[in-house]
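Take a look at this one; I'll ask things after.
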Amino acid sequence: MSSDTAQYVNPVGQDLPRLEAREKITGRAEYSDDLSLPGMLHAAVQQSPYAHARIVSYDLSAALEVTGVVAIFTGDDIGYDYIGPFVHDETAIAKGKVRYIGEAVAAVAAVDQETARRAVALIDIEYEEFPAVLSIDEAMAEGAPLVHDNFDDLVRTYEADHAPNVMSLMQVEEGDVEAAWAGCDVVIEGEYETQAQCHTYMEPCSALADIDANGKFTVWSGNQSVFHLQANIAQSLDLPMSKVRCVTPRVGGAFGGKMEQTIQPIVVGLTRKAKRPVKLTLSREQDFEMIRSRHPSKVWMKTGAMKDGTIVARKVDIRLDAGAYGDDSPGVAGICALFCRGPYHIENVSVESRAVYTNKLRAGAFRGFGGPQVAIAGETQIDEIAERIGMDPIDLRLKNAARPDEEWLGGLVLSKSAMRECLTQVRDASDWVKRRAAATEPLSNGKRRSIGIACLPHISGILTSGAIIRILEDGTAVLNTGAVDNGQGSDTVLVQMCAGALGIDVEQISLATPDTDSSPYNWGTTASRNTYMAGRAVVGAARSVVDQLKERAATMMECALEDLEMRPGGFIGITGVPDAQVSYGDISGFSHWVAHGPVIGSDSLAFDGENFDPKRGFIKGFPFGRIGAWIFAAQAVEIEIDEATGKITPLEVWSAHDIGKAINPASVAGQVEGGVVQGIGFALYEEMVWDTGRLANPSLMDYKIAGTMDAPPNINTILIEEPDEFGPFGAKGIGEPPIVGIAPAIANALTHATGIRLKQLPMTPERVLNALQEKNEI
Amino acid sequence: MSEKIPLSLTVNGQTHQAFVRPTDTLLHVLRDEFHLTGTKRGCNQGICGACTVMVDGKIVRGCLSIATNCTNREITTIEGIEADGNLSPIQQAFLESGAAQCGFCTPGMVMAATALARTNDKLSDDQIREGLSGNLCRCSGYIKIVDAVRSVCGGDAV
Amino acid sequence: MNAPVDRVWEFMMDPDRMAPCVPGCSDVEVLGENKYRANVKVAVGPIKTSFKVSVELTEQNAPTYAASVTRGEEGGKASMLTANSELRLTSVNSDETEVYYLSEVSLVGRLGKFGLGMMKKKAKAIGEEFAESFRIQIETPANRAKVG
Amino acid sequence: MKLHHPRSIDEAVSLLGKDGEARCLAGGATLVAMMNADLLAPSGLVSLRDVETLKGISIEADGTAVIGAMTNHVTIAEATEFDSGQSVVARAAAVIGHPAIRNMGTIGGAIAHADSAADYPAALLAADAVICVAGADGAREIPAGDFFVDYLETALEEGELVTSVRIPAAPAGSVAAYEKFARVEGDFATVSVAVMLQENDGAIDDIRLAVGACAPVPIRSPDAEQILRRDGVSDTSIAAACEHLAALADPVDDFRGSGGYRLKLIPVLVARAIEAARNGGAE
């Protein structure tokens, strides 16, 4: 059973294949839409044709006459039971008003897909159309129509100033920015615009719900937190949480898009009325129109520096287009404000960051969580400064890079961070100096090659997690955390850590699937926190298990507790006496059948880093408390530019990360490679386009993500392992940073080669060509 | 609603039968009638490639194929790629290279890679990327997928 | 238009004479003061459909300005369109009138998800076809007589 | 709703004659996508799968290449039968969508759908192709230039179907190329240019230049070609020629690029297409 102490290999740090790889490559992995239950009904939804309107009435008669229709769910079936992570402003399905085109207004459950679709179209809804606000400027204009006219009455979980259609204003003030400009030799100022990016997880949202004889619901769906989902469903349908059980089958990607509820409340609402299992799976088009996107943003930024490269001051105004519902917007606006300083030491900083309601699809969490919106402004201004003072961009960054021992905005301590190593290693690995110099020479084919750099701060951690480990009779173990693996590989990493902490093999651990009935708590697969937070809980639970094993072994071997040691391979032995040992199997059998009872270890924790220091500076409206361990990255991208068409082709990427410790280096590389290519999509290809209030490209035909021919053939992942003192085995998270620096690195490479500076994303061939022609006209 | 008619298809060497609508797609029939859910529905417009299956050995889009037009054809899905319970070389390579992340694109990707591997055993990276260009993946950045395919049918020419 | 502003106005306010100028328009019904209903056939290649539209004059200042809202839907609400239109007539001289017509059309549903660029061109083409047949209608002597 | 499997063209034609709303099912690559998007709901489908006479490529005595309507893109892309001028069609076929789409899609289905941003239309125009169709009143031949009528509209009458595409032998020694610019690989073209070129020590004897995705139908300008024949290939002659092409263009504004941008791309792609043709079709 357990392997021999001598030949035991600790799985931590090993490139183990995913635990579930085999089921995924054979087609056996089950995602929500692959599930079905006896008597299951199929659902379809009707979407709002108006960007802003009052729902006057529903006429369900025609739909109800359709044979095979079992239940209809509309706003009339619920009260004003609002949900939302920061502002409670959203209901299970549109009620009273619709606030964006595509919003779900009515749903039908019927015996089959076709019947449900036919019937839902027959629901006749009378609307009273209101004027809509379709942009940040329209929304903030004097006397603009209000997206939420009852905003003042809504529950908010944060303290921030607000204004008409402005749900939150986050303010940061350190030093004296206005006074500081005087001492600057160079001042760069600019306005930047970023677009709505669609998560485009490959699995469109799908949910299946069932109801038992006691009125308890079970919900299978793709999500990033069964627990958060359970709360959202219960609250939005006025159910006790004990009547809602959430389970997670395989999830086909999420990237932030499935952190809040998607369609689960609608499916449970239908199930409640139908008293039968109901499944709803969105079409790709509906998923585009209905769920959420990355926040479009407008960022004004001004940065000042001295001749020697010292960055003295930065002032920023951030406006996020939050769409029709609050969702994670105040949080994203807060992170924008906290990250827009960049990973630098800047004495004087002043930031205002607003989340603004508009009558468009809600924006929410998306890998990077505000980082990409401010990085394009901040990191291109650093390059502009470098150019103006004639300094190498990497040298300038190194000169100003925040030191591990120093404090971040608001007084958060960086502790161990490898910002500088990220920069120097990218410089060396990319042969930076040589490629930078070569960039000025046009190639034989008339195109140009260039390389650019960007670096970034992020955080890993936040909030709470738990873990339970139970030793089975034979000495193998069950690990249960409730952490959802969206495909990034956290299941494997958590099991590797559990095995490593217990000194046994991964094959000897069974991982429980996330289930609100049986799993301990995990706030969510978000904020790059599973490895860091769930991992810490796993290590804590393992420690407790080992203590219990020793206690029982002491009884078995009639020795003192302190004489015992854990031995790799699943043994507890007497220190200094090699053959005096008992296996976990023996101990567990003894515990189950003789004394002490089963070995069950658990741990529960909240992120316990420092909070803001009110004495240090002025911070108002930040909706989080302690936000996690700081992680840094530096990314260089080499591109080829076709100056005749404006097309930018990414050739190679170097991405260095302050990872603490890579529990599974191959898996980390996979995260980096995927994040980098999403960053390339954000930089070059992806943009949700609205036309007269409607999303005009809600399909993979018209909204383009990178394919094999559009992604760079070479992505070099560089891992800097400077162990974090609290991280499990010293590890920190990796999920988000890889997406953040790509757009600014490409923008900087473009400027280096051509002199043009794009301030709007994506950098489409058309925008590049227009800029090149404007430059040549001057 | 149009009348359902009996349909018999050969999938992975076995005969499957169901009553379907004449316009039902192969993807719909595989998943919802034959309960072969390994083939995924990602866009239903032929763009993402998650529904890639083989018809007479050639990869096609399950979502753009009319099921009743696939009679008298040999249909192969991800469920038919393993050889007597063993992973195929491509599947083995996907396993070892860590090419599957969320796994939703993986069945289609494995089908496209399998078809590619059958064409030649000396493919350049460009040929591999071209061969997989119709299959979108949002997790991996394609690096490990291309690594996996290269390890099976990559040539010296790169 | 080679016609006096009053006649252009009168013509434009008369659904029975306007309808034939709108491509594919049929079954015009007057619902009441400044409210009409009609059926409009549209085809984009093989995609052939018809919208039940209702037009409401929301503002009028004879004989120079009118604003209207047009709402329409395909059977089964597969697509819905909303058009906010503005008409301005300026008398150039006794028998010439400058006609300014602006219509912002918004299309949601199945047709709103498809071929943005092409659909815009189609809408523009329909608008031009309308303008042309309108001009012919109002400038033909026969109609002059009717109105005069 | 019924799906038919005729075995001959006549059988297919009579089936189409019986039901005006029925549509031909070729590869399905475009028709089924539109059905899935609820854009089309044909009352019947006439599958051409089993009509063997519609498949394959043959060369007639005079060098004319005859491509059966049911020949898929990959077969055309890999065909060795074409002369170097006719190969413009193969070059276009090679960049349609992705491998699975090229396995499914057929030339007949693609041109009957007549997407203005598709790849065949410009190539067929440059190749002086003739579209052969069959209907209740018999067969007829339509020059590519007359076949494409408007967005998604062709000269096909109700009840007619495309049976083959005839590509005349290109002038001796002519070369060809197809240049496509797209946002990402495999997307529909933002602009595409097909060229067939016959040169004799520097002088251009014959040139056919067609632009795709810049108008409801592919465009060709005799004046543009005249300029290039007269002045030879130079930046100035290309610029002058492209002004004539631009005059015929009426590009859309959408996420693949604004009309203005598409016009800017025409001279760039024309120059590259000519260059590529001279280098044997390779860039």
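Points to keep in mind about this one:
We just call them A, B, C and D in the order they show up, numbering each chain from 1.
Keep in mind that, in the parts below, a residue touches a chain if its C-beta (ideal position, glycine included) is under 8 Å from a C-beta of that chain, and two chains touch if they have at least 3 such contacts.
A quick note: this is a predicted structure, and the numbers were derived from the prediction, not measured.
Chains that count as touching both subunit B and subunit C, per the definition above, are A, D. The greatest number of inter-chain C-beta pairs in contact is found between A-B. With each centre defined as the average position of its C-alpha atoms, the distance from subunit A to subunit C rounds to 49 Å.
Centre-to-centre, using mean CA coordinates, subunit A is 44 Å away from subunit D.
If each chain is reduced to the centroid of its CA atoms, subunit C and subunit D end up 36 Å from each other. Work out the mean CA point of subunit B and of subunit D, and you get 29 Å between them. Shared interface positions of subunit B, i.e. residues touching 2 or more other chains, are given as 21, 44-45, 130, 133-135. Shown for subunit D are the residues in touch with two or more other chains, namely 33, 37, 98, 185-186, 254-255. Of all residues in subunit C, those touching 2 or more other chains are 78, 113, 116, listed in ascending order.
Under the contact rule defined at the top, the touching pairs of chains are A-B, A-C, A-D, B-D, C-D.
If you check the complex, the residues on subunit D that touch subunit C are 23, 34, 37-40, 114, 116, 150-153, 216, 250, 252-256.
Subunit B contributes residues 2-3, 21-23, 25, 44-46, 49, 52, 58-61, 63-66, 68-69, 112, 115, 130-131, 133-135 to its touches with subunit D in the complex. Those residues of subunit A that touch subunit D in the complex are listed here as 285, 644-645, 647, 685, 687, 689, 696-697, 699, 701-704, 706-710, 764-766, 769-770.
On the subunit A side of its complex with subunit B, the touching residues are 15, 17-18, 20-31, 33-34, 113-115, 118, 199-204, 250-253, 255, 281, 283-284, 486-489, 666-667, 669-670, 672-678, 699-701, 705, 707-709, 711, 713, 715.
Residue ranges of subunit D in contact with subunit B, taken from their complex: 1-3, 5, 25, 28-29, 32-33, 35-37, 45, 47, 49, 97-101, 103-104, 185-186.
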